[in-house]
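One chain, chain A, appears in both complexes that follow, with chain B as partner in the first and chain C in the second.
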Partner chain A sequence: MIDLPNLNTILPEFFLFISGILLLVYGAFSNNKNFSNINILTIISIFICIISISFVPDNSSIANSAFVNSLFTNSIKTFILLLTFLAVYVSSNYLNKNQLNVFEYPVLLLFSVLGMLVMVSSNDLIFLYISIELQSLALYVLVALRRGSIKGSEASLKYFILGSIASAVILYGSSMVYSVVGSTNYQIIKEFSDQSYDNLILSLGLVLIISGIAFKLSAAPFHMWTPDVYEGAPSSVTTILVTLPKLAALVVLVNLLTNPFINQVETWVPIIIIISILSMAIGSISAIKQDNLKRLFAFSTIANIGYVMIGLVCVNDEGIKASFLYMFIYTLATLGVFSFIMILRREDRQLAAISDIAGISKSKPLLAVAITILMLSLAGIPPFGGFFGKLFIFTAAIESGYLYLAISGVIFSVISAFYYLKIIKAMYLDESSEDLNYNLDKKQFFIIVFMAFLMLIFVLYADSLIFFINYIYN
Partner chain B sequence: MSLPTLVLFLPLIGCVLSALCIFGSQNKKAELLSTVFLFFSSVISIYIYINIDVFQDTYVIYNWISFANINLNISILLDPLTAIMFCVVTIVSAVVHMFSIGYMHEDQNRARFFCYLSLFTFAMLVLVSADNFIQLFLGWEGVGLCSYLLVGYYFHKPSANNAAIKAFLVNRVGDFGYLIAIALIYKYFNSLNFDEVFSNTNSLASLNLIFFGYEISLITCITMFLFMAAIGKSAQIGLHVWLPDAMEGPTPVSALIHAATMVTAGVFLVVRCSPIFEYSQFTLNLITYVGIITSLFAASVALLQDDIKKVIAYSTCSQLGYMFFACGISAYSLAMFHLVTHAFFKALLFLAAGSVIHSVHHEQDFKRMGGLYKKLPVTFIFIIIGSIALIGIPPFAGYFSKDLILEYALSLQTFKGINIYIFGCLGAFLTSVYSTRLIYLTFLNKTKIKSQVYNEIKEPGFVMIFPLFILAIGAILGGYLFYNIVYDNSFWSESIYTKPDINYVEEAHNIEKIFKLFPILLVLSACITVFVSYRYIKNLASLLNNNFKILIKILKNKWYFDDIYGFLFVRKMLQFSRYLWASIDVAIIDSKGPIGIASNIWKVASYCRQAQNGKVFSYAIVMFTGIVIFVSLLFF
Partner chain C sequence: MNSFPILSSIIILPLFGALISMLVKGNDKDVARNVRDLALWISIVELVLVILLCYQFDFNNNNFQNIEKKVLLSKFDISYFLGVDALSLVFILLTSILFPICIFYTKFSIKFRTKEFMVCFLILEALVMGVFSCLDIVLFYIFFESLLIPMFLIIGIWGGQRRIFASYKFFLYTLAGSVFFLISIIVMASIANTTSIVELDNYYFDIFLQKWLWIGMFLSFAIKVPMWPFHTWLPDAHVEAPTVGSIILAGILLKVGGYAFLRLSLPILPDASAYFANSMIIISIISIIYTSFVAVAQDDIKKMIAYSSVAHMGYVTAGIFSLTAEGIKGAIFQMVSHGIVSSALFLSIGFLYERTKSREIKHYSFLVKSMPTFSFLFIIIVLSSVGLPGTSGFIGELFSVLGVYKYNAFFGFFVATGLILGAIYMLRLVREIIFTIENNKVLVLNDLILSEKILLLFFVIITLLLGIFPNLLISFIDGYTLKLIKNY
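Let's turn to the complex of A and B:
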């Protein structure tokens, strides 16, 4: 029997697990008409989960400190849950229209989020591996949710095979670490590496673990799955894929690099630098030739992960805070962008080509303005949010002496501006061949405008956001 | 707000209000407001001129630049020199504003015209009221800008645009000199305020600069560069090429900017800086000879021009030469006197010419006119008054000012002075010839206008005649009204350099009577000769053509200045910039730069797309390659 103080520690996860199981049972014993009920219950359980986070004591741990809570992890969890709520909120209409309104969808999503929450708190390689697997397995199924679609199945299969390889690599790395340390707990690894920081096997394990997590982050050269999976998955699932796992994986990476493997700086910094530059380059350059919006934003994700990595390279608090700030801005903007892609539907068919948004400014002027703001923000043009994200990243890089990273970041953001501007050009300057009268779902439209608004007025709350990040990270 | 400040800012207010009127195209309001403001301004400046003893002071408007040891104010240095310039600028500007109401009434966007005109007046007042070199430069560039805007006012005409650009570019050559002079003054005087610079000139007079192994006196160097600026603005020989072309602008602009005010800024600069110029005999000699050559050269070109405005433009060039050689013999007050009288009679001539042009529907070639004295008797009288004043027949204004310069030069008994007298008389003779020719061909000749058009020609209305009337008063009485500025050296109260114990007028009167009468007889005989030969020699044109073929060709081509400049600078420059454009910019910078990089990135993007082939095993290979590379990094 678990005593109550310990239960408090894992209260959100525990609650999410129970509600997932209950919803699964409820769904299995009712027909599909009850999808909207399940959707509402999902949202309710997400909110209860958010509330339950406030009961979690700071700096508490269970299972021999394999699972650790802090103000930071709690805040990240809250943010993940809020993003989950937004993703569920925005995609209900999409799911109904595309006959994806099956009860498994919210249940799988809840399990995936449960995996992410454990990932954020995990302080042990075993916990880490299990939570990553939980998160990934749920997502593999979600990607294949369109059972009739060949592309969806292909994407899911690719994601599953390559994801399994990545998991295997993480596991292999973990076993190497265990073979020299004799434990998988971060604290013990740290204590071991304090004594023998140049242990080759330990470094080898670290490299493998980083590679596996880089796969989850879709950072180059482990990015190849990204465009195919993003394109094949239903847009609502892609919306989840580009936001939630990225954030969770970033937290895991930061936890690993700054805690148990901080002594291996000389091992991992060059690797992260290579990953960063490769991601920026491949993400920026490959997207130029894409005509499909989902593929295009897959590459945009890769490029943005490259920028986030610059912050890690700095090996100081400033850099890591800049990374998280960038990640927040990026997830919000991308959520808006994919809500937009969900809107593009005509004659019972989802569209995603650039030509499908041609001349949209004439029929939907406000929408076009909002998307323009999101694009300019992603391109890093002041005074929108994305500019400040890049500004802090580059400032941190320059202050840590990585001038060349900042310069290459600027160059690649210039290149990537091309395809963001291409979208704006398509909306405003291109003539539409057909009558593009998309039905605006209120929820999706609201999210797009809200995200654009957040990007627009970023300057007004930038100070408090930075203050908040400072507060939770220390 | 003190009265001098009011004089300065009323035109600016007029300009801003006219600018606001552009948006509603409320042309009536714009022309009325700017003209009324200018008339107020001119009345105030006359009042100030009369009571100059009371008003003489420096009015600081605000502290403009203050750092290190530079402390510059925007201010009005109100001394007699400024007061007299205020008068000239505001009066001529006011009447030109009024004249423009009639002249421009067909233009639908004339609010813009009045805006520019008032802005010009403001800039010119800023120039003349400066108490430091930088504020003077501000006004200097301001009038240059307005000149550009107004010359190119008819921006749909390519010739007007070219003329505007030419005026601007040629003036830049002079401005370059001014900037160097400012730099030199700041380096050696550590100040840019007039009073500090002028009072320290004596102590730096003996300083020499080593320049490429040559020793040059500092003061000579500074004054040469200042004079270079003056050459550009006042269209002296070498940099005169812009002035005739600037006649592309509307005629009131030519009257205000290119006759009465802006072109005299060069003379004003030399007069204002007379305390420095006095220390360099070399520069003074240079000024004298540049003035002499310009006066003769421009007058000779004016002989054979057929465009009524271009004749007057070259005449302006020539008269500015008179002002400069007066400066060259340190008779700055005489130069100022001529500047003032010239402003009136030349503005009169231009506006009268504008009245003619307006009446004959914008025809400017007087060989296609003729016989207009019947149709435009009032204009005819005004142009006669202006011309008589110009060629210097007593008792008109030009006689007083011009002959005073010539007589004083002769009284000096120096080689320079005698040169001035001889060539000045020759210039006056030429002036007389082209003026008579202009009047004869425009008004007295048999008309060449189609009878249908000819019959409809009528005198312009009151708004155009009244300004002529005011200027005619200036042209007739200017000699008396402003006589005290030369007769009484104490008038200037040290605002310009005047030779101690010398009364220029009395010196001038000391020469023998025959020399006083000689210029008058010369110009009168020229008048009569030209008139008679046009009237009674039938085949005058062919006769002249046969006997003076080469000379006529040279004069018709304006001594080939434009062609030489075109060959030496313009075409070479165009060739060079075409080379830079085609061989450097397009071939290297563009194709290797933006376009090259972009096309290379495009290629790389194609490779990346091909790498994304959709096959799981190739994706896995990429992943493992990455892992292998990262692992192998451990061993370095």
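Let's turn to the complex of A and C:
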């Protein structure tokens, strides 16, 4: 199907696919199972892939415009690949220390990222479904990587079964849409819904698709799997789970809602509002009682997704740009936070309880300051990045007349401040019972401090960032 | 001289100092000494800079001076916009005076993790200076909210027994109020399409909207001031905070609330302020009378002073919302006076606490015998607190009552009762701890050492100076008050 001149349209995906296969072959057939070689090769292929994005022509498409590129998708892909690089970089020592240094890990990650890249560009429900499946299947295996652990197995099983149901729901929704439209292409769906916007089956299909994607986003009420999977998965995989798929799923949701289903606003706006408020509420309130850092940040993710959703409700460019700005800040801050969870290691044992970080400010002052900044940023306390994210989200909501969403948003942000404070309290106010003189992993430490620094000076580059988002989105 | 960004220097210098302090390494004792010296010097340089700022300030010009502006976000033109008028200058001066004193006093009161304390303290100073000098409402919110972080740590790390509870309550209570302020800010910005306070002053919002915006702001400022019924975080925060924390809390952070009413509520939302003036004065009266009675019942000296703070801040809000020149001058004067007097009171309690590790009234008796110098200075401070003529407290309360009386004689009467109630508990405190001999048991305590004497004497001199020559301050804020009151 693909003639050669069109190859550069799918160049990054194609390259990622080839390098994934090659790495798989290399891993399977090389006698010397040296993990760091594969890791370096992975990083190199990610970078070549980033470079190859610059060869992709803007506004190009293949396969009857089922796969569409634009400046926006290219930028998102670059960001996803950069995040992947950071995730690989930050977790290499974690994998070595926890005996997870199998060659399948980077290969699966590359396939999952391939799925995400296709998700971002997909302009067709079939493409969407296949890419989501590719992305998820690789992640199911990654979650199950710790075979010996009961929690790990439970997490992967839960993730697999529930994730499959969600995928099935998306497929079912797509088939409903297909049954009335006769095509799965976004453009044709849009043309159809322009003429008959109150088609019940179309709306039902849309609702099912939204539910499936909300599952991938871990938005309430489809969030049940989140804490268990995040806790059970190896921390390096959790780091991937909280950042990359969320961003890709958000892009998919935005593409779906603003392109083919833009006429279905009456159907999906109330749904997104409910999802948003529920996510903020459940994320903020349930996290209060958590003592495990991974579970706590799982709920924090749910709450943050709720804020992101507020931007979608606005149904205008301002809101969607605010959502992406928020997502950008959230992914960077969370990457820092999960690097922190990976760094917590004492006597060959990973730590994840809040009590384990008690008194860390005495032995590791810089680490404590950086985490404090990340926590306050997530809590939306000025002058850190998270505050500006919330500011723009609430501004968009208020300008679109959703004052009540902004008000519920700020109320839940006060509630969630409580558990972010709990972590600061543990670091600064509590005394530690154990010896805290252990060595920190340099790579992880660097990422934590770097992310905290980005949050700290956010106000200085915020304007250029917003300008950039404006530029790519239009 | 005009080209020198003096306000930015005032904000950046402490941040810079905090950064340097973080980098100091060595054994604990040396680090503590060096960092404290560094912080002290920085706060003294701050004072010099502020005096320089006052020196070049043009008192005949009622507009904002020393303006610095740089756009941060193109949305709404949110900018780094600084400038001072007489009102800001008064509070900047107060801040720059109190900080060196506190840092000096930490030598006696902060015994561990001095480095972290100084870092928090310097950041706090920078943020307070930012609050008092910024002219952009979003920037104001940023400074206003960020204040919570260092204060949370100061209460939480160096506080007393229930410090964690107190610091959480302080943080969440204040945050809960502030977020509604944020909503008000966003609504105002999206309607007026600007966040500059100067431009918002000239923008007219319709009266219905004004009322709601005003309520959003009120929730935040009333918690900060604090006004009854939003005052409950204050006693906990004060009791648990270390002495210097209490001084900064009472001396400066409470003033941020009053300052915000004057800087934002009154000029931007004049109709709503007039509409709510009645209720505000009634709440202030309840504040004054209710907390005075509560103060009478306290056994803990610090808690008593904390409640008295709420009562004294009641005069401030009553004065502001009398919307008369006298009332507003009185409110500003009262804020300055309370900044000095309450700081001195908390400092005195700190002196006692260092000696006996107790804050209970009943643990102290007949201090006049064992600590005569302390008793002498303490009584002057207490008298200033109850508003004896000749002290700064008197002028502030007199003007506030006058303002309220002018607004409504009936309200004036009730506000004035606070003067008597205040005297009841403060004089009881003096009687119990200084003049009463219980069971012939005389506590043997060392009198103040020289540096303590100097600190307390300094406060006494300021309060007497302001009491005898109130024009020092009144003439300073005359122009500002007239400009503010023009709309009413």
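As a working rule, the second predicted complex is superposed on the first by the 468 of 474 C-alpha atoms of A that agree within 3 Å, B and C clash if a C-alpha of one lies under 4 Å from a C-alpha of the other, contacts with A are read in each partner's own complex, and residues count from 1 in each chain.
Following the convention adopted for this analysis, a residue touches a chain if its C-beta (ideal position, glycine included) is under 8 Å from a C-beta of that chain, and two chains touch if they have at least 3 such contacts.
Everything quoted here is computed from the prediction, not taken from an experiment.
Undergrad: Could you classify chain B and chain C on chain A, in the superposed arrangement, as clash or fit?
TA: clash
Undergrad: If you stack the two complexes on chain A, which partner ends up touching A:N96: first (chain B), second (chain C), both, or neither?
TA: neither
Undergrad: Considering only the touch criterion stated at the top, classify A:A462 as touching first (chain B), second (chain C), both, or neither.
TA: A:A462: touches chain C, not chain B.
Undergrad: Once chain A of both complexes is superposed, is A:T78 in touch with chain B (first), chain C (second), both, or neither?
TA: A:T78 contacts neither chain B nor chain C.
Undergrad: Contact-wise, after the overlay, does A:N316 reach chain B, chain C, both or neither (first, second, both, neither)?
TA: Neither: A:N316 stays clear of chain B and chain C.
Undergrad: Tell me the contact category for A:I407 with respect to chain B and chain C: first, second, both or neither.
TA: In the superposed model, A:I407 contacts chain C only, not chain B.
Undergrad: Applying the touch criterion given at the start, work out whether A:S286 contacts chain B, chain C, both or neither, answering first, second, both or neither.
TA: Touch partner of A:S286: chain B, not chain C.
Undergrad: Touch check for A:L200: first (chain B), second (chain C), both, or neither?
TA: Touch partner of A:L200: chain B, not chain C.
Undergrad: After superposing the two complexes, find the one stretch in chain B that runs into chain C, choosing from 8-16, 26-34, 80-88 or 170-178.
TA: 170-178
Undergrad: Would you mind listing the overlap between the chain B footprint and the chain C footprint on chain A?
TA: none
Undergrad: Can you list the chain C residues touching chain A in their complex?
TA: Touching chain A from chain C are residues 22, 71-75, 113, 116, 138, 141-143, 145-146, 148-149, 152-153, 156-157, 163-164, 167-168, 171-172, 175-176, 179-180, 182-183, 186-187, 189-190.
Undergrad: Which stretch or stretches of chain A touch chain C in the complex?
TA: On the chain A side, the touching residues are 361-362, 365, 369, 372, 376, 381-383, 387-388, 391-392, 394-395, 398-399, 403, 406-407, 410-411, 413-414, 417-418, 421, 424-425, 428-429, 459-460, 462-463, 466-467.
Undergrad: Write out the stretch or stretches of chain A touching chain B in their complex.
TA: Within the complex, chain A contacts chain B at residues 157-158, 161-162, 165-166, 169, 200, 203-204, 207-208, 210-211, 215, 220-222, 224-225, 227-228, 267, 270-271, 274, 282, 285-290, 415.
Undergrad: Within the complex, which stretch of chain B touches chain A?
TA: Spelled out, the residues of chain B in touch with chain A are 601-602, 604-606, 608-609, 612, 614, 616, 618-620, 622-623, 625-627, 629-631, 633-634.
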